[in-house]
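Each chain gets a letter, A, B, C and D, in the order it is written, and its residues are counted from 1.
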Amino acid sequence: MDHAAAVTYRGLFALQHRGQEGAGIVSSDRKKVRSIKGTGLLSNVFASRSIPAELPGDIAAGHVRYSTTGSSRPYNVQPLVVECMDGIWAVAHNGNLTNAAQLRNTYQRKGAIFQTSTDSEVLVHIIADPEYCNHPRRLERAMERLEGAYAFLLMTKDSLMAARDPIGFRPLAVGRLGEGYVFSSETCAMEQVGATYIREVAPGELVTVDQKGLRSTTFGTVPDHLGQCIFEHIYFSRPDSIIFGENSHEVRVRLGRRLAQEYPVEADIVVPVPDSGNCAALGYSQVSGIPIDYGFIRNHYIGRTFIMPVADERSSSVDMKLSVLSGVVQGKRVVVVDDSIVRGTTSRRRVSTLRAAGATEVHMRISCPPIRFPCFFGIDFPSREELIASTSDIQEIRRFIGADSLGYLSLEGLLASVSNPENFCTGCFTGKYPTGVPSHHRKDVLEARTSN
Amino acid sequence: MDHAAAVTYRGLFALQHRGQEGAGIVSSDRKKVRSIKGTGLLSNVFASRSIPAELPGDIAAGHVRYSTTGSSRPYNVQPLVVECMDGIWAVAHNGNLTNAAQLRNTYQRKGAIFQTSTDSEVLVHIIADPEYCNHPRRLERAMERLEGAYAFLLMTKDSLMAARDPIGFRPLAVGRLGEGYVFSSETCAMEQVGATYIREVAPGELVTVDQKGLRSTTFGTVPDHLGQCIFEHIYFSRPDSIIFGENSHEVRVRLGRRLAQEYPVEADIVVPVPDSGNCAALGYSQVSGIPIDYGFIRNHYIGRTFIMPVADERSSSVDMKLSVLSGVVQGKRVVVVDDSIVRGTTSRRRVSTLRAAGATEVHMRISCPPIRFPCFFGIDFPSREELIASTSDIQEIRRFIGADSLGYLSLEGLLASVSNPENFCTGCFTGKYPTGVPSHHRKDVLEARTSN
Amino acid sequence: MDHAAAVTYRGLFALQHRGQEGAGIVSSDRKKVRSIKGTGLLSNVFASRSIPAELPGDIAAGHVRYSTTGSSRPYNVQPLVVECMDGIWAVAHNGNLTNAAQLRNTYQRKGAIFQTSTDSEVLVHIIADPEYCNHPRRLERAMERLEGAYAFLLMTKDSLMAARDPIGFRPLAVGRLGEGYVFSSETCAMEQVGATYIREVAPGELVTVDQKGLRSTTFGTVPDHLGQCIFEHIYFSRPDSIIFGENSHEVRVRLGRRLAQEYPVEADIVVPVPDSGNCAALGYSQVSGIPIDYGFIRNHYIGRTFIMPVADERSSSVDMKLSVLSGVVQGKRVVVVDDSIVRGTTSRRRVSTLRAAGATEVHMRISCPPIRFPCFFGIDFPSREELIASTSDIQEIRRFIGADSLGYLSLEGLLASVSNPENFCTGCFTGKYPTGVPSHHRKDVLEARTSN
Amino acid sequence: MDHAAAVTYRGLFALQHRGQEGAGIVSSDRKKVRSIKGTGLLSNVFASRSIPAELPGDIAAGHVRYSTTGSSRPYNVQPLVVECMDGIWAVAHNGNLTNAAQLRNTYQRKGAIFQTSTDSEVLVHIIADPEYCNHPRRLERAMERLEGAYAFLLMTKDSLMAARDPIGFRPLAVGRLGEGYVFSSETCAMEQVGATYIREVAPGELVTVDQKGLRSTTFGTVPDHLGQCIFEHIYFSRPDSIIFGENSHEVRVRLGRRLAQEYPVEADIVVPVPDSGNCAALGYSQVSGIPIDYGFIRNHYIGRTFIMPVADERSSSVDMKLSVLSGVVQGKRVVVVDDSIVRGTTSRRRVSTLRAAGATEVHMRISCPPIRFPCFFGIDFPSREELIASTSDIQEIRRFIGADSLGYLSLEGLLASVSNPENFCTGCFTGKYPTGVPSHHRKDVLEARTSN
């Protein structure tokens, strides 16, 4: 594929919601491997750079960074690019390895040096390990060393590989573009570049594309029940993506419909919290018959970096993103629908804003169960102490956010809204994970330095 | 009010949709007048600037630039700040003066020099004119010289003034913040800063705020029927604003409701074009009973400056903003609701994207009549040749955009959706304007140079 | 001349020492006038700009800003570009008008508005004045209204004009480049662009270049004795320039030779303060027979903007520019030669550094008389209170700077070193100026605001 | 030492001439190691960064990059910061390892991954090697694995180490600052920060500073004759530095004196090429009795990045740096003194400029012998084909540059100008190196990729 880096750049734009801390693209023209990386949004990193000139070639891999392990410092931006015995390897990782600390320790004891604080760096040490290097199932064996969640994109001078962990935590799909192939965490990026979705990369599958074409091998043991991340459907994925075989928008509408059955209420309007509550609010409205209306307006110009120029006003910065539509909510009994509650402070602000605008009743509906447990597999929730549902019961949360009523979708309701519910991880709700978790977990567990 | 510039900065964020070409804030601490101005978005202009330190004082005026007359070059960014006989004047202008060329010529013949190519600069020459300077009704008389559309904010070292043209083309409101007053084109900015909306500045009213408090005078002749810009309600204002005494969201929902009555159709879902068609789609759905669904997803990370790195793909850049939700539209008869059609090329792309995603029928509904005539009063439509409705009839437009049916709201329907319909300008639909228009009109009519 | 703006850009690089606060270039392709301006060094302003594409045309004028009147804010960067009755005028000014405040007042009383706080803006008002506009000697008469020091470059869509005040304060030369003409404050810029120096623009001369070629007219009354700025030769001009008919390097060597005659001393080495004392030190060495040696090394990487990251060390920032060569000065009796002493603090640091490095004696020699009076004609000296020679006698200065001896060149010695000494202004030494000075003088006399 | 990073920053400014391609500082507050790195000049990398806030701690190491091996891409900027078994290591390297490719290969075969293309990265792999890790002479043994030229600064969370190769190619000095110690390639950086020079780090010496104070150990075999780089004295070091026990300014003056003895000529003035020829020109003048004069003026505002805006004029960009002083050279017989000739093109331009300015004779004198051979030990000469003296004899070079005569200092003259001449490497003149050289040598020998 010509201009592989330009295609990658377009595709990454559709995936920007998955990570805003850094971005990078690596390309190969089969002679040289080149890369551009930097912190911040894609548009910052690639502003004033000429992608076709600086990143030529028909093979490319890109990444947008969302930090679960390792800080957002420049040296942690992916794809990692390293040289080992048999040449250059570039690695882009979505997910979180639960045995990264042990593997890091193992390799450090053998003399390995680490230049990032990401969990992903251990993979390149395994790949470079002479024990694996010459083995016919080199990459498959390398993957078998890893525990936890991963969708990996690997690139060499003349090939591209994609691998997904056997439990299938994170999504990864393969598509076709002209004579070539594309891989993406979400299918929305394929539509963006004009590629055609073929299928998911299967749990425990390694797909390799090189001049001989595409071939597939398997590794590890795929369990009876997968551990697909249900939070992808609840919040993380873009609604136009097909994830784990289903469209997220449709799942979310079903969540909202079910929520209306579980927690009906007499009210005048259903108001989504944009954009996270949009789809579920639609479903809630459909079932309840309460008309949807836009009670909140989102300001598209407030970026992640908005900082109020006067210090003591910074506390109100969240208000800059959503404005309430007084004319819509005034004198109304309002059902507000959002995807989840994490710390509770944002929901509290939403409720008080609606009341200030004249809503007579505010009923909060959440399209997933209470989040009570940490995620070890790629979602960056705060610590348990900060998760409000971890320390408070529903009534306490309701009082804290100031709502007249509060309804969380039940776990049963959640699972009834997806196909093959037995194949999903619901650990953040139940504390039961499909595989072992590390004894200690902190985001900066591998961080011995802070740097640039 | 302390930190007037910081308040202005917050307020401008809520008005950023009104102009993205430049931004500026002027402040006064009653001793000195200071300003920061630049091209691009607010966040660009004020990045790394310390507003409290660089713009101290309890009086401030700000502006975001949308060019109708004069290019978007740096010297055209407002507020204009000039010194004349009696001190510093800062001027921020929303609207378009139809006699600017004549006034400019008149003053140039008297020896005046112009440093911008905006129509707004003529006002400061009138203000500085000795004939007006010492007159007790100086500003009122100055305003009486102007023809066309204007909401002006004027600032001196120790006062702030707001004026609105007698025909009332453009919105302008006054509010209260603590002990002080705020003015804004839209009320959404008042909510943003915690101010309370008091009322509109009346057509032909000059409101002055200084240490003696607020006082009001009038100028010009207010016609029997005002010429309020109906396009503010159709598209331009933010839906949470109160404009001309009515909430734009509510007006838009009514437009959609009426549209459903005028152009009903058998269909499965109503899909808004986000965000311009959101409110009207809601109304259409309410009346038609056809459920609303999100068929398009908007990418929040594609800024105005997105430029594809490879030239020949630039044509597809519009696709980067909206993605279609195949699962929603596939196999469905879709009613797409948007606010207006200008050139027709964007609508055409929307229709073809929906069809490619499997929509079986695509019915386009537009919540205003065909735009056939230019605006001389502050909306930057393209030239008549480029306005598709100026050269094509409805059937031709329908064929061009590829829709199965096309319905434009009637003028009657439009007017029935606002209070006091006789007080609106509908010139872009009818060619009948509430006041004279210039014989020649080009956006760069005052542009004798290009510069930085 | 093709690419006039590119030629101007090259030439301005050779003039960057004359002003580092801002830079601008205006060009005309005979249809449109375009400009790029900004604060800071040329390299900042034009970084990432394409001069040939953005500033096409065969006529151009440029300027580097050094503020004597008006702050270094963006709106004060020149060339000024304005439109009046008969089109666009661009103005670049070197010098200082002593009647700017009166003229500004006069025009403001007539209704003129000012958009900068520079003295230069008055000229465009005179040019635009209908009294002058249609007069055959329009520009000559305009110049006759001005008092003080000026070398002006004026540009319209199809012509370029250069004018020099009748007293001849500031230098201005004309040269030939191919079929075209170039003007420059210093001839070093002509060499830079490959142009040939023809002659000075004469005091009271207006040179006009247009499609009819070059022609010369005169204005004002040239006095018996000119008031050429002798400080151009002492310090301001680049040593490779021909200024007022003489090469500055040669003048400076003569100043040093004379200084050696007036203030001989027994010493081991002559050390110049780089680069301002280089030429005079050479002359001092030649006459005294004391060998020159490099006692100071200049760090080429410390820009104007060097700010020490820790606040309390900022005081030592001057030390970052010059390092003493201990091996050269240790155990030596040193004659340090510099061009002038302003506040005395820098000289004091030089002396103490030399002593710390082991110099046994330090004799300071200055190649001009004590600066006791302000300059009203284009050199930005501090106020009288800050001029050490204004409040202290020679012995007090010597003690303040800590030198074993201090010798200032006498006024006679200074004048003996230039041709036609009667044609020089020595006001900063004598307080006697060749023409009237304003009663009040402050750099920000026209500054009613501070802005961006 | 408080604010170690701020001290390092000041010191690096004095060393900026040693590398302009990148800069970095690493600091430790004994708990965390932090770093800031970037491409370009110090002032670019640290602009708008707060060093005290971002780099706290009393230990720091800095580096300015000049590429001899490895490109100037971001990932090659030093200090390298890596984590291995026993914690964080930061490494800054001056010099060039001649066995880097072999070592890299050796470690890659063991499974090591490399993330830069610098030769310096091999050291951290040796340090991390379990064979060395627990050895009491760990670092000494690591150094013994290296061949070629190096001055290393190593930093851990709580210690700082400096090592110099046994042949002593590159300079490295230790000084005292308050209670602490500083290391620097040149002593000029010590003066800049107010530190006191103690002595050189000896060839084959490792100096360690930690909370126990400073201690010294040795490694390797110091040869009978050292291989100190004589080019440090000829060109590379700043003249105010003490290098290899001698002040470079004084050495250069002696080179010039000797040059005058070896190649006398009848002439009127001695003109240095600023700044590289300044000191030698002084010596030449002293012995020859021909007065020195400034025939060239250096433009201080032309940075490394000057790019002419019009493509076809780029060839003349060198002229932007030096201007000839016509008045000085016109009608004169000129001796031009420079430090060296590499490709010959720059010297040729100098000669032709002098002739164009009216010099009647131009005699070029070079303060070192012809450079005929590559440097493998840290100076980035071009390839042999580009070294004019490698392919042309003296008469051919003279004709190429257009001089009336050309004199290169003899090898004997060069060696007679330094103390202990037997301790210097003169390989670039003789092709005889003090130790083995790699069979193949290209700057990008380790470069398998190009990246950012």
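We take it that contacts are C-beta pairs under 8 Å (C-beta built on N, C-alpha and C of every residue); 3 or more make two chains touch, one makes a residue touch a chain.
Quick caveat, the model's predicted, so the values are computed rather than measured.
Chains that count as touching both chain A and chain B, per the definition above, do not exist in this structure.
Chain centre most remote from that of chain C: A (centre = mean of CA atoms).
If each chain is reduced to the centroid of its CA atoms, chain A and chain D end up 48 Å from each other. Our note on geometry: chain C versus chain D, Cα centroid distance of 37 Å, whole angstroms. If you average the CA atoms of chain A and of chain C, the two centres end up 60 Å from each other. Interface of chain C with chain B (complex): residues 26, 32-38, 75, 80-85, 87-89, 108-115, 117, 124-125, 128-131, 133, 448-452. For chain B in complex with chain A, the touching residues are 3, 5-6, 9-10, 13-14, 16-17, 41-43, 46, 49-52, 188, 191-192, 238-240, 242, 247, 249-250, 275, 278-279, 282, 286, 291-294, 297, 299-303, 305-306, 308-310, 313, 319-320, 323-328.
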